[in-house]
Structures are given as structure tokens and as C-alpha cells.
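Read from first to last, the chains carry the letters A, B, C and D; within each, the first residue is number 1.
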Amino acid sequence: MIEELPTRLYAWFLQLLQKIGLPSIIVDIVGAFLIAISTCAVFLALFALTSVLERKILARVQNRLGPNRVGPFGLLQPVADGIKMLIKEDIIPHNADKILHFLAPVLALIPSLLVLAILPYGSNLVPVNLNSGLLYYFAISAIAEIAIFLAGWAGNNKYSVLGAMRAIAQILSYELPLATSALCVALAAGSLSLPQIVQSQNNYLLGLFPNWFLFTPWGLAAGLVFFIAALAETNRSPFDLPEGESELVAGHLTEYSGFKYATFFIAEYVGMFAICALFVTLFLGGWLPPLPFLAFIPSWIWFFAKVCFIAFVMIWIRATLPRMRIDHLLSFAWKFLLPLAFSAFFALLLWHYLGRNILSSLLSFAFIVAAYFALGYPFTQRYSPRKRTYLFSE
Amino acid sequence: MPLQFYLYLSAFLFSIGIGLALSRKNSILILAGIELILAAANLNFLAFWKHSSFLEDPSAPLFALFVIAIAASEAALGLALIIHLYRHTGSTSADSSNQLQG
Amino acid sequence: MTANPETGSPLWQILSNWGSLIPTILLLLALAGFSIARNLIRAALLIALAFLSLGLLFLSLGAEFLAFAQILVYVGAVAMLMLFTILLSRPSEREHAAAWLDGGELLRGFLIGIILTFILGMFIAASPLASQKFQNDFPAQTSLSLQAIGQALIGDAAASFLALAVLLTAALIGAAILAFDERP
Amino acid sequence: MQIPGSGILKGLAVTARNMIGSYFEPERLITQQYPEEKPKLPERARVFPFLIYDGSDPETGIRCTSCKICEKECPPQCIYIVQDRDQNGKPIKRPKIFNIDISVCMSCGICVEVCPFDSIRMDTEFELSSFDRFSSLILDKSRLLKPNSYYHQIHPTEAAQTDERIEAERRKKQAASAAKNTPSKPTTPSQPSTPPQTPNSIQTERPPASTPAATS
């Protein structure tokens, strides 16, 4: 019964409107708005929750308690942060471009909310069922780059432009591995629409092992590449150089305060959850239960459980790894992630065209392991600084 | 929307693209005008494809896809040329690069 | 609860008939802004808005794959390239102002634009297309299925697809070499 | 051949162990809920100076004899002493006014070292914030005076040493005075005064008036 709760509630509400006698156009529009608002509400609630849980997990890792003052176990902390952000004075730099300065946070938030429209939250809980959903995701997240540039440029501050350039260089160079690994999944599933990708991961090997794409040989490499690129795409954990406090104050966010600053953070966290949801949909079988007999738990509970687990892993990595330097960050993308994504692509061909059985899986797994070690070898060597010829500094 | 609406729109887009390309001093914006011309052609393809009776034949969207790809590479090269031009003539305005004029 | 309203529903009728009005208005506003934009960065952003609204227009025309490809390529890449070129070429303050024209050129540019529109408009009006009554109600399956494009790309258009790949790589390498600064 | 990425996995394992450990072994957690639990300051913690008085009545038991050495020695000059006078104007060995401006005091502890009568020591009470910037930040004599028992509370070992030294001095002085009023006994050289533990070099005669009641 809980499984169809959202759909039944939605249908009941629409009938209610019809009974009141509203023209059917209005009912449709209200229905569309209802879906949009409910999806955004769920993800903004998740944002509020994680802004506390992230600080508590980071605290627990460092053997301290974390916020527990506001509300029970500190759960009302987001309310306190929200009010603090609203009260803070919103400073616009002297001859900054007022319109662009205001536009940047809006442009940062809109794509991260738009992207939620195509994610399959439950068995038939897809806000919009586009048959090129994956391409929609990449197209909309391309707009977020312009927002970062605007944030850097509108602040009329040289360092924020520098920070914006670094952020865009990082996002552009990590977009390629992200797209290639997503491409592998689209090829394996045979379609770009996300509900179809989830459907294609639906069967269970010998009734026990769910054959999600992450557990296929090539899926391991593609999943690893996608996860690392996802971390870089949302400027998190080891790749949060653009907002690195130690280097560029706050990168492209230096000139923002008050609620505009909070909007950027809402955009970042919702973006993080969106890419976690995409990872779950592509590699961890969206709303599919891990074992066939666990299907009595509603599908959307499975989906959000997996999303929260992946978000936890992202926070866990943030608690462990130090920040990477800009050139290591970029060379890591071009020298390790992209070749690994292409080798995952090749392993997929091996796995698929040799008839998706055990033999082809072993073969492609061997190929992936060989590629991983070959590509990873230079990164395990001690860094031997060779004599650098400087191009620009004399 | 009827076909004529799209035809007039893409005609207007095409001519505005040419108008802007001719009326701008800064070469970056001239390039933007040219992009508009290509986009207008795309719009025409799709309008005719949508109002034709054989929707299954994907040749029009395919062609539009090719136009988008070529326009992107052309824009990349054009902008690289502009940077090169800027390094030699010190400004991106189109009038400053007229050394080839004999 | 898939929100795709069955194609018969009134909202879908409205959208498919008049849906392309909103992107068109957005497009015209963006172009107006772009032609009189004084600040270079604003001009580049307005062009990005124009490309975005064109993408929405393609969406209302039913070519979904095209719309997202257009947004991804133009708004994500070309507009970003323009912004980078504007930053790299560091137009001086005088140049910024020069982006704004002495009346003459703008007038000439618009004159050409308007005359051309009329000429093309006459051709469109005179052409047999205008008189023919086109079936205005869209078939149920409005958006193009991806499989068709995929088959075409691999099937009969495979040669041009590979040529396109070569062209894109050449453009990539060429642009990189051209833009690379060889200062010793 | 090191597996690429194994370093990251080891790091993740460490953080995971820490995180799970913090749930099962609560003593790992170092957070002090400050307003509720007072922080456990180390023994030699010091904030601002305070005056000690023996016995129960601060007025009579005050050790300070307003010799003003600390006023002269204080680097930022934040101590202000006015000597007390009895009714017919003869100065007596007690401060009438003893102010310390704690907004200036840098808690260096020099006044403690130079004080010959061990009457000033460093306090550990740090919640001294106030609303106005001047008057409440100048501690007058009544706020500075604290009993010797409080001193034993905050610096137990140091207090014990000081009392033991005062006790030794008093006994030595009594022995000396006993030797003076019984001349018959051959004047044995008074045994060399044990080097004073505290570095205060000046050995002045303590007036008989002060009641050496060293309460434990």
C-alpha cells in the first residue's frame, strides 16, 4: 500500500480538483506544479538534513560531538543557519555588475533543481519520462558552468575570476569522464531514458545477486570513474579547490554574503544529491531492491536509502582525503580517469559481444584490472621532479 | 503552430544574424552573429521536418545535428583565430586587422 | 505518476499548439538585448540565452534529442568559449565602449536585416507552401524516437558521421594550437 | 608493487574506525559542554592576580603591606596602591586602595615573583566579561581579596609550599628572638637560613602584628 502512496495521493488530489469543477486545463497545470514542488521540497529537505549530518559525521570522525545545541541532537541547526543567513547583510561590491551579481546564484540554483525532473524515484514515480533523459542531465548541468563564471566575474574581484576559471577548468575536464562512463551505461542498457536503464538492471543472477551495472566487470571501472568525476563535478571533497579557503579565500564565492551565499550552498548540496541519485540510477539499480524477496519495502524507500548511502560515502571521503593541487587534479582527470573510462567502454564491448556470460565477464574483468594497474602505476611512483622548462616566467 | 510561423521566424533570425554580423565592431560578436545564421538554418530544417508527413525518417534532425557539430567546431576555430588576432594586433575589433589590404 | 499527460489532455494540446510562443518571445528579447548590449560580457550572455531559447523551440518542435544537443553544445561550450575569449582578449575600457557603436553602423546593420526579412518574407508568402493547408494537429508520437537517429547514424549516414568525427578532432587540435601562446 | 588507490582505502578505514569507535567508546569524545561542565584547567593555569588574606576577616588578615614593589615592577603599570593611614595620619602597613586594571594586565606573574610577603597570586577565574569597558574592568581591593583557603583550592601544591615557607620563616624568627632574650646561651651561629624556595630575594622583618595563622 505504501508503494503506491504518492501516486494514489496525486490521483486523489486531482479528482478532488475536478470535483470542485475547475476546468481541466487548470487541473493539469496544478498537477504539474504539484509534482515540481514536491520533488523540490524533498530535495531541499534532504539539503537541510545533510547540512547538519555532514557536520556531525565530520565531527564523529574527528572524535568530537558536532552540533548538538540547537534542537534535539542538533537537528534544528539548518533552521538556525537559515535564519543566520537571512539576517546577514548582503553586500554588493562597489562597481560590480548588479544584475549579473544577482543573476549568478539564481542561475546556479535553477539547473540543480531542473535536473531533478528526470530521475526515477520509484517504480512509476518519474516526474518527466524523457527518452533522452541522460542527455537532458548533461545539457542542464552545462548551464551551471555559466553560473560559476558569472559568480566569479560579477564580483569585480581578480581573485574570484581566477577562482571561477579554476572551477570551470575542473568541471570541464571532469565532464568528459563523467559523460563517457554514463555513455557506457547507456550502451549497456540500450537507451538514454533513465527508467529504461533501471528496468534493464532488473533481473537477479541465480536469484541472489542483483545484476546492477556496478557489479558487472566494466561497471566497476565505469562506476569508479563516474563517482570520482561526480565528486569533482560538484566541487566536493578532494576536488574543492575552487572554494578552497586556504588558497583563494572562497574562490568565485568571495563577493557573496547573506542569502546569495546560502543559495550557492543550496545549489551545491542539491547538485550533490542529484548526482548521487544519478549514480544510483545508473549503477546501483535505481529503486530496485537488492534481493528479490525484499520487494515488499516500497521502491522509493530503496531509492532514497541508496542515495543517502552514496551521499554518506561522499561525506566520508570528504572527511578523509586532503585537497588536491590544481595541476594534480587536472592531470589526474586527463591521465587516469579518461583513459580508464575508455577502457571501461572497451571492456563493455568485450562483455557484451562475447555474450554476457561468465567467460566474457572474466575476460573483461581481466582487461579492466590490467588497464587499472597500467594507468595507476605512474600515480604510485614517488614524484621525481624533472627539470622543468618554464614557458612564461623567465 | 503553423509552418509559416516557423518560416517567418527563421527568416527573421537569419536576417538578424546577418545584420548583427555586419553591424558589430568586436569580432567575437560577429562570430556570434554567424552562429545565429546557422541556428536559423537548423530551425528551418526542423520546421519542415515537423510539418512533413514522414516523421519516422530522421534525416532532418540528423542534418541539424551535423550542423550543430560543425557550427561548434567552427566557433572553436573562429575564437582561437580571434585570440591569435588579438595577440598580433592588440585589439579584437574587426577594423584593426586590415593588413592584408595591399 | 509519470507526469507526461496523455497526449489527448487539454494541457498537451495547448502546449503543442502554442508551446513554441514562449521560447520565441524569449529569443526575440535576447536578440534585441544582444544587438544593443553595451557590455561585452552581457552580450555574450544574451547570446547564450538566445541559444537556450532556440533549444526550447526545438523541444516544442518535438526534436527532443536535438534540443538537448543544442543546449549542451551552444550554451555549455560555445557561449563559454566566447566568455573565455572575451576574458583572454582583455578588451580595454575604450574598447568596451567601442562595442557600442556610433549610430551609423548599427543603423546599417539593422537596415540590411529588415530589408532581408522582407525579401525572404515575400518569397515565403509567394511560395506554394503558404497556401497549402498543413495538418495542424500533431500525431500522438510527437517526439522523435532516438533509435531512428541512432540507426541512421550507424546505417546510411555512417560515412558522414566518421567524417564529422575527424572534423571535430581537427578543429579541437587546430584551436588548441592556434590559441596556445608561444611566448619564449 | 603498490596497488594504486590502496593508500586511499587505508585512510578511509582509519576514519571509519574512528567514527564507529566514537559511538562505542564515549571517552574518546573530547567535547566539553562548556557552560554546563566547567573546563578542568591545569594546575599552573593563571589569569589575573588576586590578593590573599589569612584568617576570616579580609580587612585585618590582609597580607599585603603596600610596599608598592609590585606597582613599580608591573610592566604595563596596571596596579595602583594607596597606603592606609590611621586616624592621626601615621602611615600603617596596609593598602587603603589596591586597584588592578585587568583590561591592561597581561597576566605575566611578575608581581607574584617580586612580592616579598606572598600576598599576591594568580587566579584561575576567567569569566570576567562585562558590559561597560572601564569601571567594571578595574578590580578594587574588595573584589581582589580572597581567603588563603581559596588559594589552596586553586593551586594546592604551590599554596602548600608557600605556607610551609612562611611557617619555616616564622619558626626561624621565633628561634632567633628566643635566642636574643636568653643571652646566657652561647650565641651559636644561627644556622644558615635555608635558601628560600620562592625566588623572592628581599628578606624584610615581618611586623609582629601580622598573626601568622596559616590555616591549612
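Here is the rule we go by: a contact is a pair of C-beta atoms (placed from the backbone, for glycine too) under 8 Å apart; a residue touches a chain by one contact, two chains touch by 3 or more.
Remember, predicted model here, so these are calculated numbers, not experimental data.
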| item | value |
| --- | --- |
| Centroid comparison with subunit A (C-alpha atoms), farthest chain | D |
| Approximate Å spacing (C-alpha centroids) for the pair subunit B, subunit D | 84 |
| Gap in Å, rounded to a whole number, between the CA centres of subunit C and subunit B | 8 |
| Inter-centroid spacing, subunit C versus subunit A (mean Cα positions, whole Å) | 28 |
| Separation of subunit C from subunit D, taking each centre as the mean of its C-alpha atoms, in whole Å | 80 |
| Residues of subunit A touching at least two other chains | none |
| Chain-level touch network, classified as line, ring, star, complete or other | line |
| Complete list of chain pairs which touch one another | A-C, A-D, B-C |
| Footprint of subunit B on subunit C - complex, ascending | 17-18, 20-21, 24, 27, 31, 34-35, 40, 43-44, 47, 50-51, 54, 57-58, 60-63, 65-66, 69-70, 73-74, 77-78, 81-82, 84-86, 88-89, 91-92, 95, 98-99, 101, 105-106, 108-117, 120-121, 124, 129-130, 134-136, 138-139, 141, 144, 148-149, 151-153, 157, 160, 164, 167-168, 170-172, 174-176, 178-179, 181 |
| In the complex with subunit C, residue positions of subunit B that touch it | 1-9, 11-16, 18-20, 22-26, 28-29, 31-32, 35-36, 39, 42-43, 46-47, 49-51, 53, 55-59, 61-62, 64-66, 68-77, 79-84, 86-87, 91-93 |
| Interfacial residue positions of subunit A with respect to subunit C in the complex | 6-7, 10-11, 23-25, 28-29, 31-32, 35, 97, 99-100, 124-132, 135-136, 138-140, 142-143, 145-146, 149-150, 153, 161, 165, 168, 172, 191-192, 391-392 |
| Complex interface listing, subunit C residues touching subunit A | 1-5, 9-11, 14, 39, 41-42, 45, 48, 52, 55, 64-65, 67-69, 71-72, 75-77, 79-80, 83, 87, 143, 145-146, 181, 183 |
| Sites on subunit D touched by subunit A in the complex | 1-5, 8, 11-12, 14-16, 18-19, 21-23, 28-31 |
